[in-house]
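Both complexes below contain chain A, partnered by chain B and then by chain C.
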Partner chain A sequence: MTAPAPLNKTIYTWNFKACAVIAGLAGLFLLWRFFFGIGSVSNMNDGYPWGIWIAYDVVVGTALACGGYAMALLVYVFNKGEYHPLVRPALMTSLFGYTLAGISVMIDLGRYWQAYNIFLPWHSNLHSVMFEVAVCIGTYVMVLWVEFAPTILEKYKAEQLRVRLNRVIFVFIALGILLPTMHQSSLGTMMLMAGYKLSPLWRTGFLPLLFLLTALLMGYAIVMVESFICQAWFKTPSEMPLLSKIAEFIPWLLGVYLLIRLESVNLAGNLALAFNGSLQGNMFLLENALLIAAFVILVQPKNRVRSKMLFLASSAIVLGAALYRIDTYIIGFDPGTGWRYFPSVPELVITLGVVATEGMAYMWVVNKLAVLPKAEHA
Partner chain B sequence: MKERDFARVQEKLNGISRRDFMKFCTVMAASLGLPLADASRLAAAVTAPRRPPVIWIAGQACTGCTESLLRPSHPTLEHLILDLISLDYNETLNAGAGYQAEAAMQASIKENYGKFILVIEGAIPVKDGGVYCMIGGRPFADIVKETADKAAAVIAIGSCASWGGIPAAAPNPTGAMGAPEFLKGKTVVTIPGCPPNAYNFLSTVIHFLTFGKLPALDDKARPRFAYGRLIHENCERRPHFDAGRFAVKFGDEGHRKGYCLYKLGCKGPMTYANCPAILFNDVGSGAWPVGTGHPCFGCTESGVGFTIPLHTQASLKYITPAAGHPPITEQRGSGVSVGAAALVGAVAGAVVGGGAMVLKNLEKEDAAAPKKDEE
Partner chain C sequence: MKIERRDFLKGALGGGLLLAADAKPAAARHVAKELPPNAVGILYDATLCIGCQVCVGACKQANNMPVEHTAGTDPLWENPEDLSAKTLNIIKKYGSGDYPVKDTVAGYSFVKRHCMHCLDPACVSACPVSALRKNSDNGVVTYDKTACIGCRYCQVACPFNIPKFEWLSATPRIVKCQLCSHLLAKGGISACCAACPTGASLFGRVEDLRQEAKRRLAMTPGDSYDFPVASLGSKEFQSHKAGHYIQQIYGESEVGGTQYMLLAGVPFDKLGLPTLPDESFVALADGIQYAIYKGMVYPLVVLGGLIYMIRKGEGDKH
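Take a look at the complex of A and B:
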C-alpha cells in the first residue's frame, strides 16, 4: 500500500460542474427558505415536523459519515494498525457528513438564531434526548475537524503546530469514538419517544442498540463503497486485501443486528404486519431483504475476495440500513388523524444540494490534500 | 274470584257452592306444593274459556317451519302448546299417527267448527287433480279447501304456503301454489320466510287471541308489524353501505371486516322483513343470515326468493349508495407531487446507474486477477 498523496488532477470536471449546478439551485431555495420561512419551501407540517432534512441529512447522513467512527474504533480501540490507510478517507467523509448534518439542522430549525443556547450550560435540559444529540453532534463536528487537522497542516507546512497537535490528538481520538457511540444510539432513542406513533414493525426497546449497530454497519460499508467508487473514478489502487479483512467480521455484526431486529418484532407478535401489503409492511420487507442479501453474500468466504460481490454487499448494507433509518423516522411514523408527508421539490433540491456540496468538497480535497492512496502508475 | 265468574261455571261443576270450590282449589294448591295465593290462579285457569285450537296441516313442505316453531324461548314450546293454544293436529309433533291422528283432527274440527285457527305449511300442488301430495289417501288440495271453510282464521306459514316457494319455482312440475292463491276470496294471513321467524307467527296468533282479530296486513297479506320495513333499513351493516365499503368476494378483506354484502347479491334492499331487528333463535346479536356473513336471499319476498339468482345484485328501491363520502378525518399536509416523484426517481436512477458503472469497473478487475483472488 502506498502512502496517501494529493491526486493533483483537474478539479473542474464535468461531475464537479454538475454538482455545482445542483448546489447553486439548492442555494437559491435556501435563500427563499431564510427569507420566507420553512413552510414556503418544505412540505413539513405539524404532523410530520421532521422531514427528509432530518431523516436523510442528519439521521442517514451522520450514519453514512460513521466511517471515521467505525475505522477509528477498529484501528485505535482494537489496535489493528494495518487498517490505517483507510482511516484518512473515512475521517474526511465523516467530517463532511457531520458538518453538513450540522448545517442541515440549522436549515431545519425554525429559530436557528437561538441554537447557541444549547452550548450554554445554564440553559441545558439534561433530561432531553434531543439535547444529548445536539450537544453530542455539535461537539463531534469540532472533534472531527481537530482529528482531520493534521492532513490540512501537512499541506500548509505548519510543522510546529502539527507536532504539538499530535501530542494531544489521542484525547480527540478517544472523544471521536465516545461521542458517536452516544449520539448514534440516541438517534434511536428519539424515535422511542414517539411511542405508539411508530409502527410496531419499528417500535422496540432495542431502537438505540439497533441505531448504534446500523451506524457501525454503515460506517464499514461506506468505507468499502467509497473505496470502490474512488477506484472507478479517480483510478486509485485497489484496497481489496484490507477490505476483504473488514468483510470478515461484518457478517457477525450484521447477524447480531438481524437477529435482534427480526426477533424484537417477532417476539412482540407483530411480524404478520410485514405481510399485509401496506407501504409500511413492504418497506420493512425491502429494508430487511437488502440486509439479509448482504449477509448471505458476506457469510461465504469466497465472496469476500471478489470485489464485485463485496461492492454489491456493501451497497446493500448502506441502502438497507439507510432505509431502516428513513423507515423509522418517516415511513413507520404515523402521527394519526389524516396527516401525510412527502418532501416537496425545493425540499428535495436542498437535500440534493447538501449531497452535491459534499461531493464537490470531496473532489476538491482529494486533489489538494493527501487523503487517498497514490495510484501506482500515476 | 268474582261471584259472577263462578256463576258461569257452577253448573258444570255439579252445582257445588263457591265456598266449596275455593276450598277445593286451596287443597289442590297445597297438595301441589304451591303457595296459597296460587289457588286463585288455578281457579282462573280452570274456569277460563277454552284455549283456541290450532290445526296445523302440511303439504309440500320440508317441516322447516315446524322446526322453527320449536326454537322460541319466550314463550317456550310447552308453554305455547299447553297453555296458550291447543295444538290439536300437527303431523310432525303429533304423538299418534295414521287413522288415529286423522280421527283426532276430524273430531277437533267438528267440535271447534268456525273457531279454530288453521295453519297451512307448504305449497299446494293442483296439477293432475292434486295427486302429487296425498294425505290419508286424499289430495292435500281437497283437505285444505275443506278445512279452510270451517276455520276462524287461516294462516299460511313459510314461503311455500305463502306463494309456492321452492315447489313453485320454475318449471313448477306439480302446479304448486300458495294458500292465498288457492283459497281465492278468503283472507289468508301469510308469514313468509324460509323458515319464517317463529315470533312473527306467535305474535300473529297471540294478537288474534288477545284482540279477537287479525293484525294489520300489507298488500301481500303479511302482518305489517313484522314485514313493514326493508331489511336494508334496519341492517347492522347499513353504515358500510352508506360509506361505500363492500365485500366483493367471499373471504376477501371487506368480507372479513363485516362490510356490506350488497355486491355479493344481498337482497336486503328489496326484501321486507324484520330479521335484523328480532334475529333468530334467541342466541344474541349477529344470529341472522347477513349477520353471519351470507347475503340475504329474499325468502320473505315473493318474486325475489327462489326466483332471482342468489348472487344477482339487488335492485335498489329508493336507497342508492352515495357517490362520494366525506372522510372521517381531514387530510392534512400534502402528499407526493409529480415533480417530487420525478426527482426522487431520477436520483434513484442516478444511484443505480452509478452503482452499475462501478460494478462494471470491478468486474474488469475481478476478471483481470482471478488467480490472485482465489489464493
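Take a look at the complex of A and C:
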C-alpha cells in the first residue's frame, strides 16, 4: 500500500462548479430563512416539527460520517493495524459530515443565537436525550478536528506542534470512539419519547442498539463506497484486499441487526402492519429488503472478492440503513392530527447545498492534503 | 491489575447485552410522579359547555395573543381552526350525522383543548436547556424564551401535540398555555375559567377537582344538581341536569396523570384526545438512558478502557 499523498490535480472542475452553484442557491434560501423564519422556506409544521434538515442532514448525515468511528474502532480497539490506510480518508469524511451536521443544526434551531445555553450548567437538563446528543456531537466535532490536525500540520510543516499533539492524541482517539457510541445510540433513544406517534414498526426499546448498529454498518459501508468512487474518479489504487477483509465481518453485524430489527417487531405482534400496503408498511419492507439483499450478497465468500458485488452490497447497506433512520424520524412518525409533511423545494435545495459544500471541501482537501493513497503513475 | 483486551471486549459485549435485556425493569424503576403540594388545574365538563368560545377570547386578552382568521372573510369574527402559535386554547366540536342530541356519539359534543400540565411532562424531560419547567409548587408547566434554543423536541415529545412554534418569525418562540401563571401570581385564576358562563371550565386544586369529577360521575343522569362556576372555592353555583357521563376522568391517569382533566358524554378518542397508557413515555426513555449511563459512570469506565487499549496497541507496534 502506498503512503497517502495530495492528488495535486485541478480543483475547479465542472463537478466543483456545479456544487458551487447549488451551494450558492442554498445560500440565498438561507438568507430568506434567517429573515422570515423557518416556515417561510420549509414545509415543517407543528405536527412535523422535524423535517429533512434533522432527519437527513443530522441523523443520516452523521451516520454517513461514521466511517472514522467505525475504522478507529477496528484499528485501535480490535488492534487491526493493517486497516490504517483507510483511517485517514474515513476520518476526513467524518470531519466534514459532522461539521456540516453541526451547521445544519444551527440552520434548523429556531433560536440559534442562544444555542450556547446548552453548555451553561444552570440551563442544562441532564434528563434530556437532546442535551446528551447535542453535547456529544458538539464535543465530537472538536475531537475530529484535533484527530485530523496532524494531516493539516504536515502540510504546513508545523513539525513541533505535530509532535506535541501526537503525544496526547490517544486521549482524542479514545474520545473519538466513546462519543459516537453515545450519541449515535441516543439518536435512537430520542424517538422513544415520541411514544405512540412513532409507528410500532419502528418503536421498540431496542432503538438505541439499532441506531448504534446502523451507525457502524453505514460507517464501514461508506468507507467501501467511497473507496470505489475514488478509484473511479481520482484513479487512486485499488484497496480491494482490505475492503474484502472488512466485508468478512459485515454479515455478522448485519445479521445481528436484522435479527433484532425484525424480531422486535415480530415479537410485539406488529409484523402484519408491514404488509397492509400503507406507505409506512412499504417503506419498512424496502428498508429491510435492501439490508437483506446486502446480507445475502456478503454472506457468500466468493462475492467478497468481487468489486462489483462489494460495491452493490455496500451501497445497499448505506441506502437501507439511511432509510431506516429517515423512516424512524419522518415516515414512521405520525402525530395523528391530519398533519402532512413533504419537504419544499427551498428546503431540499438547502439540504443539497450542505451536501454540495461537503463535496467541494472534499475535492479541495484531497488535492491539497495527504489523505488518499498516492495514485499510480501510468 | 492486568486486563486483557479479549476480556475487556467480552465484558463490554456482555454489558451491552445486559443493557438491552435491562430495558424493561429500568423503565419500571421510574417512580410515578406525585402531585406537587399546591397543584392547581382545570376540570372541563363537556356536558356543561355551550360552545360560546368566551374562554378563547378571554385567553387571548389575558395573554396578549393576536386574533387569527383561518377561514371565511368576515374580519369581525375570529376563527382559529386549531391551537396555533396565536391561539393557546380552543373549543372544538365533534359531530356526526345531523347533530341531533348534544353529548351523544350519534350527536355532537364540544371539547376544550390546551396544555394538560402533565405530572410527568414529556416536554420538560425533552427540553435540553430547561426552557420548559414544571413549577415545583403549583405544577404549572411554564416556558422561558430566554433559555429556549428552538430545537422543537418538545413538539415531538408531547403526546397531546400542544406546544406550537412561530414558524414565520425570525425570532420564533414556543407557544403554549401556561395556566395564566401571571394571574395566579396575583392570586387570581386562569382567564378561561373566570370567563366561562356555565362552569364548564372550572379552576381549582387538582385534588379537589378530582373529588368534584368523581361526584359528577356518581350523579344520576337527568337529575338536577348544583355545579360550581369559575373556581371550586367560589360561592357561585348553577343548577344543571346531570349529563350521561362516560365513566372516565380523562387526565386522571393518562401518561401518569395531568392537571387539566376532562369529563364528557362522548368517548374521548372521538373528541381527538389520544388513548394513552398510564405510564408516561418519559419513563421508558429515561429508564433506558439511566440503564446505559448510570450517571456517566459507565462512559468514564469505557473511556478508561479505550485509553488503555489504544496505548497498549501503540506499545505493541514499537
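Assume the second predicted complex is superposed on the first by the 377 of 378 C-alpha atoms of A that agree within 3 Å, B and C clash if a C-alpha of one lies under 4 Å from a C-alpha of the other, contacts with A are read in each partner's own complex, and residues count from 1 in each chain.
Keep in mind that, in the parts below, a residue touches a chain if its C-beta (ideal position, glycine included) is under 8 Å from a C-beta of that chain, and two chains touch if they have at least 3 such contacts.
Keep in mind that this is a model prediction, so the values were computed, not measured.
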| item | value |
| --- | --- |
| Touching partner for A:45 - first (chain B), second (chain C), both, neither | both |
| First, second, both or neither for A:111, with chain B first and chain C second | second |
| Touched partner set for A:127, first chain B, second chain C, both or neither | second |
| Chain B versus chain C as contact partner of A:344, first or second or both or neither | first |
| First (chain B), second (chain C), both or neither touched by A:208 | second |
| Chain B versus chain C as contact partner of A:171, first or second or both or neither | second |
| Chain B versus chain C as contact partner of A:323, first or second or both or neither | neither |
| Chain A residues touched - chain C or chain B, whichever exceeds | C |
| Touched partner set for A:26, first chain B, second chain C, both or neither | neither |
| First (chain B), second (chain C), both or neither touched by A:311 | first |
| Chain B and chain C contact sites that coincide on chain A, given as residue numbers | 45-47, 337 |
| Residues of chain A that touch chain C when the two form their complex | 34-40, 44-47, 49-50, 76-79, 81, 108-112, 114-115, 117-118, 120, 123-125, 127-132, 134, 170-171, 173-175, 177-178, 181-182, 185-186, 189-197, 205-206, 208-209, 333, 335-337 |
| Contact footprint of chain A on chain C as seen in their complex | 5, 9, 16, 20, 23-24, 27, 82, 84-85, 122, 125-131, 145-153, 155-157, 159, 161, 164-173, 272, 274, 276, 281-282, 284-286, 288-289, 292, 299, 302-303, 306-307, 309-311, 313-314, 316-317 |
| In the complex with chain B, residue positions of chain A that touch it | 43, 45-48, 228-229, 231-232, 238, 240, 305-308, 311-312, 315, 337-345, 347-349, 352 |
| Contact footprint of chain A on chain B as seen in their complex | 327, 329-337, 339-340, 343-344, 347, 354-355, 357-359, 361-363, 365-366, 373-374 |
